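Heads up, the next two complexes both have subunit A, just with different partners, subunit B and then subunit C.
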Partner chain A sequence: MGYVAVEAGEEVIERAEQLFEKRRTEGESDPVSIDQIDEQFGRLVGQVMNEGGLYAPKLAARALKQAQGDTVEASFLLRAYRSTLERWDDSVPVSSDEMFATRRVSPAYKDVPGGQILGATKDYTQRLLDFDLDGGDDPTADWDLEEAEPESLRNVLEILREEGLLAEPSAEDDGEDYDTTREPLVYPAPRSAILQELARGETGAITALGYSTLRGYGSVHPTLGEVRVGSLPVQIEHPYTGDPVEVTSVEVSECESVVPEYEKRDDAQFSFGYGLVFGRNERKVIGMSILDASTQLEGNEPVHDTEFVCQIVDGVDSFGFIEHLKLPHYVTFQSTLDRIRAIRERTADGGDSPATTEVSGDD
Partner chain B sequence: MEDPRHRSDRFELIAACEGTALVELAELVLDGETTVEIRQAPKPQLVMQRVRDPVHADVFNLGEALVTGAEVELAGERGFAMVAGRAEASAVAGAIVDAAIEADHPEADRLASALTETRLEREQRRKRQWAESTATAVDFESMEGEL
Partner chain C sequence: MTDRGESDDDTLRTGDGVDAGESSTAAETEAGESTTGTETDAEDETREGLESDGGVSEPAPSSPGVAPESVDGLLEGVESAGIEGYNYAYLDEHTKREVRRATLKAIAIPGHQVPFASREMPLARGWGTGGIQVSLSLLGPDDTFKVIDQGSDESVNAANIRRLAETTANVDPTRDTTAASIIQTRHRIPEEVLTDEQILVLQVPTTDPLRKVDGSDDRNRRRHAHQNYSKMWVSLYENVVEWDEIQIGAAYPVLVNGRYLMSPSPIPRWDTPKLHQAETLFLFAAGREARIYAVPPHTDVEPLAFEDKRFQRERFPEACALCGSTDTYRTEVETDDGKRLYACNDTSFCEKRQRDPSIQKAHHVDRDVGWERLEEPAVDAANDGGEGR
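Showing the complex of A and B:
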């Protein structure tokens, strides 16, 4: 069954929109500024940027304000805006060892080269409400710091590679990068497409699916090689000189998870999963690394099914499908009612038991 | 250290500048006698950030970064700049600064030293950030023997 359009008064729709906007502004407090959202809700801004697939902190903050804090709605606004723009070009590929890291912890190696740098985190403190939060003073003001040249941190997985403990990539993994914003995703999908879809995935969906395998619905229970937060350069080729040049940098979170690859019992090695997203979002990047690993490994559970994972994790897709159910479906539902009534009438008349009738899949 | 007289280095120095600072520098060039032709009007565009994963070395598309690029011509020299975000005025100002230094405009030395100064400030901020991060470096100790 196809869709049937309905009409309603345009003026009433505008009023509903105006009422929505009033809800944002009717309180007695001053309107929150775009800069305040950008500076004070960095995690939220990062989430909207990575789910929207667009690194633009000010626009993400604006989208959050417009969406009244609804992250998926804000991501949708970013994607819609992005679709109106031309692409200058692809960047020069960068490696994570070019990252300026401000945080790096390795749950796998205690004495990791470069050290465990906790950075800005509350991971090791109690989760208690702070009723004195608005103090405004810099709690690091009296730190006695010795400034030094920033160092590049060696990747933890290099240690495993040197010992031959990392599985080498298979031939089909050595393909070109695939852009899911320009080409339809078809299965089996190349790993570059899967990583791109996971990087744009909705944080809750990525977390939930990653969690499912930890709870036994899958065979991946990794140890994290490392989790990093920092910034990566965005480089283009200069149009006059052809040199790679840095336009800007993007804040990212990164995670590598190490997974025993059980299929190779004769030559025990590790498999791994990789996660990288815009902004500070460690929960998502850990989940992403789990799903990258699970979709590379065989298994009967949902997390091992690449098509299932990629179809489920996109927030804008799922938001659209779920929320479209609240739009008028009068004709569809009337048709369903007619069928049910007809079945009941035939049954009451003592007719044959009818075959099961399914509601159309495109409803 | 980047050389502001070198085109590629200068691009990075301009891109790292604050928008208001770039506009102030461009105003030094716009002295009423120097003619600037806009070759490419500033417009927001996208750069797809490509990343190589650290183990399989697969390249994938992380997402796009919003940038604004512009190109001008001044005294027979082209200037090009690209800056982060939606920043039309900064992009044009950056292109003017680029062309002015390339054309050896009378203010070129002042522009070049201002760009260098901006880079030094940025490096100082990074050193401060790194120092703050390393102040949280920790040695985790296993506690098996104490259990």
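Showing the complex of A and C:
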């Protein structure tokens, strides 16, 4: 047989893998270490953890190194690893009031309880390419800082909530959170499942879909109650005493937004959108809050269709299926050719045959 | 909200000591390779290491000489050694049980799509992850496993899937259709007749034939529940009006057991009749879409068609250039010197025919299945020349 286009034994696969590996090692610089990736590419590591749905900075950094910087591939590696692991427990729900915030801005109010915390950001600096970016010096080294106690910050939206201006999303009955990695996602899906899908969504997809409604393809244009970045305690129930015990904390980004979509409700209230992801990823978390709000509101545009949003945003799904088109398709293509030829034969007498035709099933 | 609590203990499998938060970073420091369990007792202490910035803390020492019934004791018995560190047949036992339950339910309701919590596999989604989950939940050490992709055992993706089953489930690989106990396939049913001792696992990209007429899974599930397939029939009718043909290539929709509309996966129409009243169990699995469905043995499977527009199989103008077959599915090959040839798509059977041109598709069974001796209709056959049932 020499006729089948993509045929290869395992040796060929192995060699392809080796060639891929060579791309990483063929340069003259030193190999980058996992620690370096974790410490110096924190944003990437955060993205891989939130898209991978696993909080494990060192593993995310390892995945990034293995994937040569491809974030979707790296979060896929993390998910594939995680899917082999047993799930042992749930943590205790925790209010984000308890977050130790390193950054918190509230666009909705000029002054908020606890104040605006600018934190580490480049938002307001000029984006000039820095040609002197080599040093390892800490520019804050000579800051005079007192050791601050972690301060819990009241959520800005509590102000609206107390006034009754915020429509609460309908509570789910059993109080059990749905876990889409353990239970199949069927529609209509509970909100906890939708939030999980959004939190694991691909950053670019969440940003693009969130942007689509701002751009006019949807009715959501939110005001952000606040955007926070900080460290959130993780508590589990002690196996013997049953008391909540703090076992670790995770760095998260959080966003709460209000949407003036009150005209569709009897009682004029703001709609509400929520976003929370691992690591620092403000645009994703804002996009997530937009999509959380939009999927709860009616509308004809894609962002209001929960199924559409959830099916589209998962990077591991979309990357896999887009790239599967590289697999051989000659069986299905032959079947398609047969149909088109049959139609052409039938219409041959009537002049030009239909040139373009969508033939389905060629997957 | 996200996956809190999920990653709580990764340690039992590989002994990486990987975990949410700082106990993970602790254990991962040594490249996550061979550190054994570090958390459990050490949770409260390691908390301090994180306060600063969620960064790396010192690895918590695992206490030596712990009682064997403690978690640490168990973990010390687990050595991480690459693929050997994984569970038998890759999936953990809970996942296998879940997949088997979905499979049993699918067999009980032929043609009905059963949701399951599809796991991320070490293959990209859309590359056979549903099929490999079903295969791995079925395979045991005594099984013989064949994998084909678009008819070929040697296609790179088939080789990759086979390698995963070989390394994690220790099954014997084979290319011989008649020797396999489980066959995973993408887009083909082998030419040789399958028996009641074999299971065919088909990879499915798009589970619901109704997707074509409505994108919503929610609405389509209702249609299936009510056996309301009118939209599908209208779509076929419009097809005939517009093209004077039912213009579906592969993945021709079928009605299973007189009840459920089902996509047979993108097998060519050539293979569709093989599903009808077969001896074999056919399992269909979609990883990305998280659905499993089945055609059990001895089940009616009927392609949708009209009395005056019958179901038609593909037609081929020439015999196989390699073995001379005229009763196999062939694909066309454009050669370097500009000629067009036809060659069998089922490479394993073509090789058998090349050795013995007289060998029949049912050579190994003593029954007549009906479709195995079918010649394809002549190219110029009238529309009613198809072999609709």
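The working rule: the second predicted complex is superposed on the first by the 328 of 363 C-alpha atoms of A that agree within 3 Å, B and C clash if a C-alpha of one lies under 4 Å from a C-alpha of the other, contacts with A are read in each partner's own complex, and residues count from 1 in each chain.
Basically, a residue touches a chain if its C-beta (ideal position, glycine included) is under 8 Å from a C-beta of that chain, and two chains touch if they have at least 3 such contacts.
Note that the structure is a prediction, hence the values are computed from the model and not measured.
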{"item": "Contacts of A:Phe41 with subunit B and subunit C, given as first, second, both or neither", "value": "neither"}
{"item": "Touching partner for A:Arg62 - first (subunit B), second (subunit C), both, neither", "value": "second"}
{"item": "First (subunit B), second (subunit C), both or neither touched by A:Arg161", "value": "first"}
{"item": "Contacts of A:Leu276 with subunit B and subunit C, given as first, second, both or neither", "value": "both"}
{"item": "First (subunit B), second (subunit C), both or neither touched by A:Phe76", "value": "second"}
{"item": "Touching partner for A:Ile236 - first (subunit B), second (subunit C), both, neither", "value": "both"}
{"item": "Partner chain(s) touched by A:Val245 [first = subunit B, second = subunit C, both, neither]", "value": "both"}
{"item": "Set of subunit A residues, in rising order, touched by both subunit B and subunit C", "value": "50, 53-59, 82, 85-91, 177, 179-181, 192, 195-196, 199-200, 234, 236, 245-248, 250, 276-278"}
{"item": "Residue ranges of subunit A touching subunit B (in the complex, touch as defined)", "value": "49-50, 52-59, 82, 85-97, 100-103, 110-111, 115-120, 140, 143, 145-151, 155, 157-158, 161, 166, 169, 173-181, 191-193, 195-196, 199-200, 232, 234, 236, 238-241, 243, 245-248, 250, 252, 256, 272, 274, 276-278"}
{"item": "Sites on subunit B touched by subunit A in the complex", "value": "7-8, 11-12, 15-16, 43-67, 69, 78, 80, 82-86, 124, 126-142"}
{"item": "Subunit A partner contacts - residues on subunit C that touch it in the complex", "value": "1-10, 12-13, 18-25, 28-29, 31-32, 43-44, 46-47, 50, 54-56, 86-87, 90-92, 94-95, 115-122, 124-127, 129, 149-152, 154-157, 159-160, 163, 186-188, 205-206, 212, 215-218, 221, 243-245, 247-252, 266-270, 288, 290, 312, 314-315, 322, 329-333, 341, 343, 345, 347, 350-351, 380"}
{"item": "Complex interface listing, subunit A residues touching subunit C", "value": "1, 3-4, 6-10, 12-13, 34-35, 38-39, 50, 53-59, 62, 76, 79-80, 82-91, 177, 179-188, 192, 195-196, 199-200, 231, 234, 236, 245-251, 276-278, 305, 307-308, 316-317, 319-324, 327-339, 342-343, 345-347, 354, 357, 359-363"}
